[in-house]
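Chains: A, B, C and D, in written order; residue numbering restarts at 1 for each.
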């Protein structure tokens, strides 16, 4: 199911490849772009940057990357190529336009960096004959088949940093903070930050949400355990954090406050893990492409960089992070 | 109007003084508590900590501070003494209860750290014969008579740090962020962070709010100046940042996003400026008290630590920060 | 060789266990102590803290931990239990003294957190009949059998953060910084930070050190590639960074500067990865102990938390991080 | 002595001015360059950037700045113009060459950003008829006449941040860290960081250095006061920090360790104070120039932005920071 060692699937040596970033930006995308550029250049392959995701691909916003373009981007968040969403990319005609843009320029391979929407586009281009490879770039860590996505570690760092800041002020006022974090389909950000911050509760699709029980427990923590402050972390779209905070104020001895962390989570310079992961994946994506392995996505599985058919990754049922939920429960 | 060199107003040498923190907590309050403790100890004066602000004073939550209590607090945000709001402290009877708590313990002087509400309490105690001194502790920098309050610099740092994080992600998506910051009566946080972040707009009581003009200018920045991202900083209670962001999305080429920074602003370890300012003010407050100068508040005025009658400070018309507004305008 | 699912090796249910930290402190050790305390408490097991490593064990500096002792330590660097080195612990007599201290208190199991010196002590105690388990706590990531050690990620973060700071000042003066980092036996810190910072060179046991070649290449980078600044990262004990910097100043167009990062690397609040890893390992160590699995150390192998015989881990030949070296070379 | 309100000294309206940075780079220099560019542009004045300090001026490395050149530099450390030292600039002939470079391009006014060496150059150019203004840019805060220099606050922040990191690891091992900081002529960095970190000792020109006394006191702190760790901050060029650390290890119960913070102090994104100060000073420098006030430097004095004759500033006897030394002593 996963491949690690590469066999060339035949075909001529590629001379020109392109890269685009799509969907929400993630810290580390630039590190991946840099790795693709550096690794391909060494092998004598030209790299083209496609600006603003699939929109730029369709409209031909495509430029040859120079070494200088990637020389100071390793530590920068966001993506120098820009990103956008293009729902119309599902349409055949639009895809053909994209393929023409590539063919006109003699570009033989394409690397896309993004989430599962991005992968779907790559899959279709691949089925239409363009050699395509995907790299998982999203802070949500919600892509099947890979244990980690580029940007996840930085987002986690940002959340934990924010909670660090709230702690002292929190205990000065006997406060309970209800904090909304991102995470999309999966709840990795809430779950991992809950463990890393030592939060009293997490509210995720997996845990569900029993408000009465939370209120009851907060009261218990305050009265029986003498806790001076508390943290509740909620995945986006699960609850209205403001309302829960208000109820905590009314029905427990904590003073409830809410905060929606929002885009701060995807900001800042990528942490080392994301820079390294992105470099590894960028390197491997180039190798896949030069070996004419089309329709694959790069994954980190059990600590190894491997590849997998995009359709398998997309259709896979997400592994439930059982042990981490159990760990959270035993630490509270 | 301001006093700098102290003359002892007579009275016996004090043996016991107390300190409380009140209102919203501010990073650096602990540094002030530590300075009070250290400076007073050297002079053979005992220091009592009053827990949870005026509430604790009225209820007698008062304990003698030991050296070890303040030995690791310099770098910690919040206040180890806790804080609360007690509207009833305006009542004579409640104040008398507070005074009794002090007298019972032989405490002759009181230092309060907080905002203008806190000052009012100190003024009344002072008028009832308790030797009282105030220290300005609030992130809002909204206390008349002092150029800087403890916590302001850290809050400013936190805002600029958050905007730093938003920049890269912002330019990846052609975004305009509308950011709500704290500030209470005055708009110092919005004004200073606007300059420090190079924001395109600030929305404050002083600037007013002309939404159409903002929309028009954002369009101009995007089309004429080719800006890839933009930042608008708004003082709390001025606008609904979400709505402005939505209108920006609809009527300009920027994609608008909003964020309410909230309590993150008052979090974290105090920056050096706040630690130093708090140490200076704590030291000076002890000197004022030991010289029986009651009813004064400590101020930083033109870079000097001085004292002023609390009632003068409270009634003073706040100096308008004209040059800083002008500076902001010339930098856009 | 590795075990993952636990079978109880028999023996009565333990009622009292102890934990110590030894060797250089590592950020995340406190998170491990907290996890041990929380997980054991839930199972009705008492946890004793041994202060100052094996020294404290021998001298009986042992105290029962209370919940409150671990309630605010998750985010703190260092170790609340203190640490020390005790070379005499190799001696039989000293070990017997340690065992007596445990037996006197009815402590049946011991968890040690540290590096390979720490493990050797645990192995000997285990062979003398004390049920012992090891957790890898060292910033150097130099313990065989585990892919990651507690503290490594934070040290890596600190290095990358420091290099981030040097970048801008570096390019203002056409500078080449030669930076010494820690790493002990293995070169993980130099290798991983070299990739994460995009350094021009790394100097490690594995790469060796050809000074003439470095000088020649620096000259090439400056003249041919127009680089405005450069970074060289060297493992400790490999070179005199100051001398290399001087030679760079003399023989290339860069202005060479050196810096020894030192203890800053092991400082600060642990990053999320270290907190999570420490929590996982603390939990697993308790499970091992309660299942009477003595003489094991906890490892993270291929992204799973597993256990291994300490003697196997100690004698194992360290896997060479070939692919990472190759990655570094392809990115320069 | 200081001027605040400007009267035009006559002369035609300037059309072209230039800016250079010289000496050691300081975080916030870019913010000053940006402010100069923005403020001058608004008034219809062209701004030229001189690259690599006086060297670039002499050699004609001068380019017209565009708006885009300063649009993302506010948050970046270092200086986009580069810097260098040119001892030969004392020579008449070299200065004439510089003046010719300006005249050839029709540049009528020059702003230099740097330390006192930089100011001397400006003074001489001013005496030779070029309209020159200085801005204090150095992390050392060692320029007479101004209470603060651009970069000082960021350096202070960096030091305090580093000491924060050392604290926890320090108390895990009963350590005393001896930390060398920058500061040049004056000892502001050691003095202010000593207060902000709560260090046990500072070693500066002003305090002098009595090693025996320090050893004796460290012993006292450890034995009598039960301190678990200690910090000594030493100004550069005062002592060999490694040797003091060794003696502490030998003669007290602390384990001594030394660290030279070096260039990390001048790194990183400027803190808000430096960005704001630089913006204020940049604005004021343009105003001075456009009013044909030559030979002045911009100062922050008692919280106001004012100007002063460069020669007065250079010859002024530095005010002794008496109250801050006293504050330090009362806090230990």
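As a working rule, a contact is a pair of C-beta atoms (placed from the backbone, for glycine too) under 8 Å apart; a residue touches a chain by one contact, two chains touch by 3 or more.
Chain identities (UniProt): A, B, C, D = ATP-dependent 6-phosphofructokinase.
Since the structure is predicted, the reported quantities are computational estimates derived from the model, not experimental observations.
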Reference subunit B; chain at largest CA-centroid distance: C
Gap in Å, rounded to a whole number, between the CA centres of subunit D and subunit C: 38
Where subunit B and subunit D are represented by their mean Cα positions, the distance between them in whole Å: 28
Distance from subunit D to subunit A - Cα centre to Cα centre, in angstrom: 41
Residue numbers of subunit C (touch at least two other chains): 164, 167
Contact graph of the chains (line, ring, star, complete, other): ring
Interchain contacts, given as pairs of chains that touch: A-B, A-C, B-D, C-D
Contact footprint of subunit A on subunit C as seen in their complex: 34-35, 38-39, 42, 67, 71, 74-75, 147, 153, 156-157, 160, 164, 167, 192-193, 195-198, 225, 227, 269, 271-273, 275-276, 279-280, 283, 301-304, 327, 330-332
In the complex, subunit A residues that touch subunit B: 21, 25, 27, 76-79, 82-84, 158, 162, 164-174, 177, 257, 259-260, 262-264, 266-268
